[in-house]
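For reference, chains read A, B, C and D in written order, and residue numbers begin at 1 within each chain.
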């Protein structure tokens, strides 16, 4: 066994996992406040990447300005989506709301390539491509930086949840009716969570867009993000960190070990298997809270 | 409100129905030859279709500007099938009802699903750079025309170039990084057959489609210390492969892909960083080729181009022109054989089979289509990215055709046995 | 008006429990059936093969999924994989020489076996979590189909369907293929209509609405959830073999990807959850809206000389497809079936609008 | 299967006990909802289970019907041990119940809801639906008769075809009772059947409960807050507080127990009441 390769894959997996985790963060934020899984999260990441690209390339603004502008735009986009679409689904079965997010996903996948062009776009945020060696170990600069930024973002959102706004959002996640009764504007909290989810998706989209180019395939981040969110527990932010690392490493190592055995790309299956096993063995994930149904 | 919505729906329905009508009217016109260019603009092959289709339409415009062929205009119906079979089959049946004689789906799954239909309906189907590789065997697939080197031939060409460069491949290591789909796995039999013949070492690395994340693959490739790397994917998979290879410090001049690599991919990777990477050319690229010059003069200048001018002469645009030139040469031959038609699938089929030493004014290697060989000889050349364009580094040549045809015969005979 | 309910009284329970208690509905359905039977003689081949045939097949599939999602309330985002297993199973059997009728049943049974595995997840989790579990299983089945050469058929990964006979009749030509699909569609439709008026359908609805209350009146929710998955997957398997034999004629793994599953879910939602008629409406809309729209844009671009970029033009169907799902969920969550019902109710009591309910 | 059970039960029911619960304990997390509760229901009686909110009444019923298997203790139904049996099996033994906050099936008509009550007597499956005309229709119609009997009994004729969610609360409660009765249970559990009703509606339901017992041979366990109803129709009651039995016996006597008054009203208020009554109940 090539231990060095395994180490390399493992480190790579940790950082890639954190980058996935940033997409999953949005799913968790939305689930925490409104109790539904956002299947449009991958498409939001794609939209964010397109937004950053559109501001920096066709409009010609420098990238350090384009990213914050994209963040603000996407925050508004997320909040408006919630206001115009999701809010009307209150009281409907949860599957309806989930299907609505799926519809939004499909729509975004049509709108953005339709208006911005389907070809892969280059999004340069200035990460050098030259290989970085630590001893005999090669580290991928793009994932290294991306993973670190993601880690910081997830920590930031943890802090946020300890702030005043965070307390409000936690209250909403605990009991919507009760929060409403004590004067918390539940709708506003949910809209903010959508805005934050869209903003974090934008950061994820920019990071991923910088490593792979911007096109519709960014929306495929959804399945990995779902795996992380479910493994970590849909309402747990620390869960995102831990599960992100687990999923990232599992995928990375599976590519190294399983692929030669099976003779096929097992990477996507890892996410699916993790989802399935989590749901069958521990449906509420590693850190999620269990809900007791009253009769 | 209730009523309004209903009225709106009814209005939409009426508009939709209205759109169905004119297509039936167009049926009445004669002196046309109808092609169906239903392709995937939206799902999987987005990276190529727009440019390819632009080349096809511009070339058809060029010929129509010059008065058509045999007094007939070429009518190309362009539509999107989104790699979705019901949509593809619908547009196929619709176009067939209008007398379409040729279809170019530019999609492996759609082409495969249409095979049985076109064989039964006697409609010519172009499967350039897509579809079944064994369709090169015209004796089994009389109505299916790859008209271009198939993937097996491309791999044969590449391996032969490696052999030419290194002198001998014995003991060398070739890494094959490919998308994990039938398309990606297709060259494997050839690679294995040639390994047994030439004695190189082969290591394969599949990645999950569409290949937007290959970060775990390339460290392994680097550790394998390959002499040559062949990466086999499409769209985002290609650019990610190149980017990751660069990040892992793999030498670009030792990397090669199939025909699916274009300038826009290089833009994504970074024009300078990707310097040295190899690909296969089935035709002359760029704006120098005569047909492209003619298009620029006659079609693009007067503003009749089918797309943005800066795309003219790009890699996939050139492929579109190349294939269309071949098809229209077939039409020309068909008029030579039977000047009065009637225009039909078999009529065009005879013409396509009569293509002989056609070079499209020097744009493509001399191509001859026979009833046995629908590939057209399997010639290509290798070109290298020099930071600004792909420059050819070999002449047109063909190689390892014996191995390729053994494989073709193996699959086509199985199709002949069980498929019918 | 001609569409009257007044004056219709039943004296037997059996009559009241008819599928269509109103004579007019019955006549309408008879007319539809006659038209469907005569379609090969009335319609151009384009409309028969390009529209009617896929419509019947996809509507049948949507019915199968609707049993699960609409009637039993179990979310299923992996129905495409179930259909795929049925298609592969029956095509392999047909190629091995089995008669189609047996291969079809076997395909159904294979799918049902896979479906039970999906159902096992439903015993552990529900709602959102079940959606995720079935989604994951879709990917896993996809992977298995394309990576086991025994199933996918080797490196070309395409299996052609040989000529087949159904009960001794060769299924050759458009008409035969169409009647075959029509037959399966009618059987499934009648089954679905009957489910609603029998204890089976009521038990499934009870499981859907409140599973604890279902338990307390003696419904074994465990068993009925599995049964719902079993039956619905069986239908999926049969549809899979019809799809392969009558329509695709050669199958490859990418035909049964997640896109198919989502397409079917969209059909069920747009048509109306739990509605039989809605499945037909939904299938038609989701299947043909992109086609019609594509033709419409093509027509506008050609005739009005509108400059629409290829990228934009090509992506309009995708936008529309998503837009339809979003639009229906927001404005008519009960789907096209509800719109139809509104119109029907309007005419039922016309001109006495106040009697509407 | 059912018939066999029934015969067995008849044989074992010599002592006339319908339900016998011994030492039932159940906790949720750290909360002990039931602390060693013993209750029994005799044949043909209307047994009342009362107590303040959160005293464990519904939990007790959920233990009996199999939703929460007890942590300790045993449940005997018709002389047979059913501890830990699944709810649908308990239902098949002839137990029907209604819920505190209504558990009708929305999206179905009143008739279909009542027909669902016949589930235990039917053999539902996919095949009877597929071959409806050969197979399913006869069974459906036979059970329709039974359902119509109950509809007459509960006076629900004119709302038969209405969707359940549109009819008023009081009627919904009545439909739920009908759904329980149509199963021809031998033991009926009613969890606050009169919650939120006015005097007239309460009297209606009380009449139905008495009729059910007298005409249909059902033994009844009743959870109820309206003490006037409890004292009027129950033969015997048990009062629970914080998961413990604090009084039992004949209704009037049991609810006058000082402990019961304290449990309901709190110490100080109870003292005042007791004083007003002259120190004795």
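Note that a contact is a pair of C-beta atoms (placed from the backbone, for glycine too) under 8 Å apart; a residue touches a chain by one contact, two chains touch by 3 or more.
Because the structure is predicted, anything quoted here is derived from the model rather than measured.
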Topological distance between chain A and chain B, in contact steps: 1
Most distant chain from chain C by Cα centroid: D
Chain occupying the most central position, where position means C-alpha average: C
CA centroid of chain A to CA centroid of chain D, Å: 49
Computed distance of Cα centres, chain D from chain B, in Å: 73
Intercentroid distance (Cα basis), chain D paired with chain C, Å: 42
Inter-chain centre distance, chain B versus chain C - centres from mean C-alpha coordinates, in Å: 35
For chain D, residues contacting two or more additional chains: 67, 99
Chain B: positions in contact with at least two other chains: 41-42, 50
Residues within chain A bordering two or more other chains: 110, 113, 118, 263-264, 266, 268, 295
Contact set on chain C toward chain B in their complex: 44-46, 49-51, 54, 58, 95, 146, 155-158, 160, 162, 247-250, 252-255, 259, 287, 290-296, 298-300, 303, 309-311, 313-315, 317-318, 331, 339, 342-343
Residue ranges of chain C touching chain A (in the complex, touch as defined): 69, 75, 120-121, 124-125, 127-129, 131-133, 135-137, 139-140, 143, 146-147, 212, 262, 265-266, 269, 309, 311-312, 314-326, 329-330, 333
Residues of chain B defined as touching chain C within the complex: 2, 5-6, 9, 15-16, 19-20, 22-23, 41-42, 49-50, 53-54, 77-80, 82-87, 89-94, 96-97, 109, 112-113, 115-117, 132, 134, 181-182, 185-186, 188-189, 306-307, 411, 415, 418-420
Residue ranges of chain A touching chain B (in the complex, touch as defined): 2, 4-5, 8-9, 12-13, 16, 110, 113, 118-122, 124, 129-131, 138, 140-143, 208, 211-213, 215-218, 220, 251-253, 255-256, 259, 263-268
Touching residues on chain A, where the partner in the complex is chain C: 36-37, 85, 88-89, 92, 94-96, 98-100, 102-111, 113-115, 117-118, 223, 226-227, 230, 234, 262-264, 266, 268-269, 271-273, 275-276, 279-280, 283, 293, 295
